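The following pair of complexes shares a single chain, chain A, combined with chain B in the former and chain C in the latter.
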Partner chain A sequence: MTADIRTVPVTLLRAGAALLGAYGYVLGLWLARHGLNPEPVATVREWVNRPLGLGEDFGPLAVMLLLAATGYAIGGRRPVRLVLTAVPALVATACVCFFVYHDMARLLEFLPLVLIGLVTRWTLGGTLPTWAGVLLGAACFGAVIAADDALPGLRRWWYPVAATFAALLFLVAVRPGPTATAVAAHPVTRGLALVAEVPLLVGSALALVVVP
Partner chain B sequence: MRIHIVVLVHVLLAALAVGAIAVWGTGADPALAGQRVTVPDRDPRLPDNPERLAIVRPPGVLVTDTATVKQGTAPSVLPEGEAEVLTDAGVVEVNAYVAREDGITQGLWQMSVRDGGDPRQALRAIDDLYAAGGWRQAPTPDRDVLVREQRPAGGQRFSGYRAHYVRGPYLIRIEAYGTDQAKVDDAFATLAGRQLAQWPPR
Partner chain C sequence: MRYLHGLDALRIVASVMVVYDHLHGWFASGGQRWRFDENLDAAVLGPLRLDALMGAFGICTFFVVSGVVITHAAFRESPGRFVARRAVRIVPLLWAVVLLVWVLAVVHVPAGVTGPVDVRDLLTNLTLTNFFVPNQTGLDLVTWTLAVQIAYYLFVAATIPLLRRWPWLPPALAVTVVSVLLSVVHDESTPATHMLRVIITFLPILFIGQLVGLARLGRLHPLAALAYGVLQCLLLARADMTSDLTPAIPGYTRMVVCIALLVIVCCRLDGGLVAGRWTRGVANRTYAVFLVHVPVLYVTPHLLSTTTGTTLAFLIAIVATAVVADLLYRFVEVPCVRWYRKWENRGRNSAERAPDDLAGRVEAAR
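Let's turn to the complex of A and B:
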């Protein structure tokens, strides 16, 4: 059974978001709320997170990957199913912003990634000319930076860096080669892609229950 | 078959790297062990440790900017008397912003004391040096901040303030000097207010 080439990027990105979301918003959040920094996590924080400039144990990166995949997925849908596809990811993101960050304005930093996914889908599909796609994508990225500047207290978390990584990983994933397609066809990857919103919801529940 | 060889080569290279790290550590030069400064890391989840640079940028045109130089500069950038006193007290690295605006020079100096040294001893030593040099004690906004001032006298035309305090492993100096007393007072008060609000003594 050949996988539909257009679902491969979505599967890969959602699986990545599931893994990183579990690491960042479940494990990382639990450790942070207890003030712990045990060994394998401490080394990853010092040797991977810090050099790359990705904070919160890749949590925001996971959200951004999920939203980019969602944007890409809804680009191929008719309006009714569009809502069904987008709602879980948006609800999960809203839960994270509300329960973990207590700051709904942070949605403004995450939502442009949906538009980037959408614009990319339309550009690759020919609906949008390339120059328009590039301009719109850059504008969405500018929106992330503008939101980061406007919202107080976010500067030190470097969300635009996470957005850069998310956008680059997304753009690489939308042109999958045979290996990527094979990985996406694997049952583990597909299972992870199915449950991509779950770590975000679990993290939100954790944030409610475990108070620092 | 080809994929197995590729994977095998990657695993062997990774094992080589891990083995080297296990044997030789992560490359810190043991001769520099006496120069290490451990900066407190309040939140390991942040993408960068903001405590690495605990000074704000003074207003005006920057005439000295060693704040973002990775290893900082040696204490010898300071005048000889100060450099000697500070080095004896354990200062190994100096990062500074010095700016000039409107005839007033304002500076912020972050002097890192090595692990094993005592930043408060460096604080006392530098304050004693200034006291011995004729700088008078000036009113201080905070018990942990020692402020000294100098007025024009003899052939010396400058008014100046030097404030020192300790934050973590750093001895931080706030300075302002110039020939116009009122402007120096203002500039120093503003700069000290900003610096102490953002990076209070600890």
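Let's turn to the complex of A and C:
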């Protein structure tokens, strides 16, 4: 089974977002709200999250990967399909910001990743010259940093670090090799990619139900 | 094998970061304010948690790039030739710079050398043993990175036969060796044990570069390379967590993972500015820049700042670094490599020479 090379990055990133979102906003959030820190999760936090500077059990990274994939996907769409592609991810992100964080200002740090995805698609497709793509991409990243600076309460979450990882993983994924293409074609990967927004929505629902 | 132009651009960026970090250090050590640095720190480096990492980022980038490029060389060269070529690439310039700095220190020109120096200091610095022996003055303190590089070269040379037959085996050995050494070398009370610990701590970065190189060459399945890469990253984290002294770089693991991803992205860059002659020319001089920039940064402001002011003195220092590096590249590095290649090819006709020898190119990689 093979996958269309244009959809491989989107599939891989959405699948990754689904896994990380489930870990962060379902498992991690539930454990945090109950004050639990079981050994496997504690080990991952000690050996992976802390050294990498990725907090909240990879939750924000999941959101950013999903949004970057969304931006990349809508870059090749007509207006109606563009809305249909973008809306689920944007709604899921907004739900996380509202129900989990009670802070819609976090959208300012998440949404530039959509633009990074979009600009990358246009640059690779030749719509934008490379120099313009690089400048615009850097400006989008600058927007994440500017938002972090403008909202002092968010600085302790290191969102620009998560955005750095998201952008780098995205840039690696947009030029997939044969192995990445084969992984993207696998039914499990495709299944995860289909439901990438679900963990964020489940996490939002959990946040409503579980008293902090 | 396609030339990796993107890595040339990355080497230039890494070089700029290392020089910038030492410039920052010079201002800080003199208690002087550098407004550009303060603004950059506040606007970019702080939010990215890179404020204390510029120099380390540059050095680790060099390590990963070296790991990638040296892996390509390992498939072309016999162990003996591999060691000889690496030696010819790094030793002549090292000796030239160390000797120059020693002479400056002897005549009391401040070149970043603390304390008096004697012939023993010269000899230990020429052989990089100053890092292992107590009470030795370092003449060019950035050369500690060469000790790490040499350890990596020796490992690669010893495992070339294995690499060609079972490419998965040297990475497995690398993980095992680093893991065992991290358990064994934990006392850093002497210069020798401290330096050993430094080498062990930074070797995983070169091995990560090796994995990227092996995956790109198709010698190792990407998923296997990823698995080994995860193990090396865990060893980075372990090294960081089990020592108070080494690597003394906040965010060490995070930084290396970002660099590895960046190297993968840059391996795919081609064309435009990245593939230009200017880029390649500057990239070829990054080793010279790396070795001379600290002595030049110290000497030039000392000579000039009383008459020109600090800012202009530093601008001149940057130009001086570029000029000195270029001269050393043209009159030390390139002649030595060309001489060695001629000696290597003595008695052979053009049909027997390796393709890169026919082109007469100076090897771009250390």
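The rule is simple: the second predicted complex is superposed on the first by the 210 of 212 C-alpha atoms of A that agree within 3 Å, B and C clash if a C-alpha of one lies under 4 Å from a C-alpha of the other, contacts with A are read in each partner's own complex, and residues count from 1 in each chain.
Rule of thumb we're sticking to: contacts are C-beta pairs under 8 Å (C-beta built on N, C-alpha and C of every residue); 3 or more make two chains touch, one makes a residue touch a chain.
Bear in mind the structure is a predicted one, so any value in this text is a computation, not a measurement.
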item: Three-chain arrangement built on chain A, chain B and chain C clash or fit; value: fit
item: Partner chain in contact with A:N37 - chain B first, chain C second, else both or neither; value: first
item: First (chain B), second (chain C), both or neither touched by A:P160; value: second
item: First, second, both or neither for A:L168, with chain B first and chain C second; value: second
item: Partner chain(s) touched by A:R45 [first = chain B, second = chain C, both, neither]; value: first
item: Partner chain(s) touched by A:M64 [first = chain B, second = chain C, both, neither]; value: neither
item: Superposition-derived comparison: chain B or chain C, residues of chain A touched; value: C
item: First (chain B), second (chain C), both or neither touched by A:L192; value: neither
item: Chain B versus chain C as contact partner of A:D149, first or second or both or neither; value: second
item: Inter-centroid angle chain B-chain A-chain C after superposition on A [Cα, multiple of 10°]; value: 60
item: Which of chain B and chain C A:G53 touches, first, second, both or neither; value: both
item: Minimum distance between Cα atoms of chain B and chain C in the superposition (Å); value: 5
item: Residues of chain A at both interfaces, chain B in one complex, chain C in the other; value: 52-53, 158, 161
item: List of chain C residues in touch with chain A within their complex; value: 43-44, 47-49, 221-223, 234, 236-237, 240, 251-254, 257-258, 261-262, 264-265, 268, 272
item: Residue ranges of chain A touching chain C (in the complex, touch as defined); value: 47-48, 51-53, 130, 145, 148-149, 155, 158, 160-161, 164-165, 168-169, 171-172, 175, 177, 179-180
item: Of all residues in chain B, those that touch chain A in their complex; value: 44-50
item: Interface residues, chain A side, partner chain B - complex; value: 28, 32, 37, 42, 45-46, 49-50, 52-57, 156-158, 161
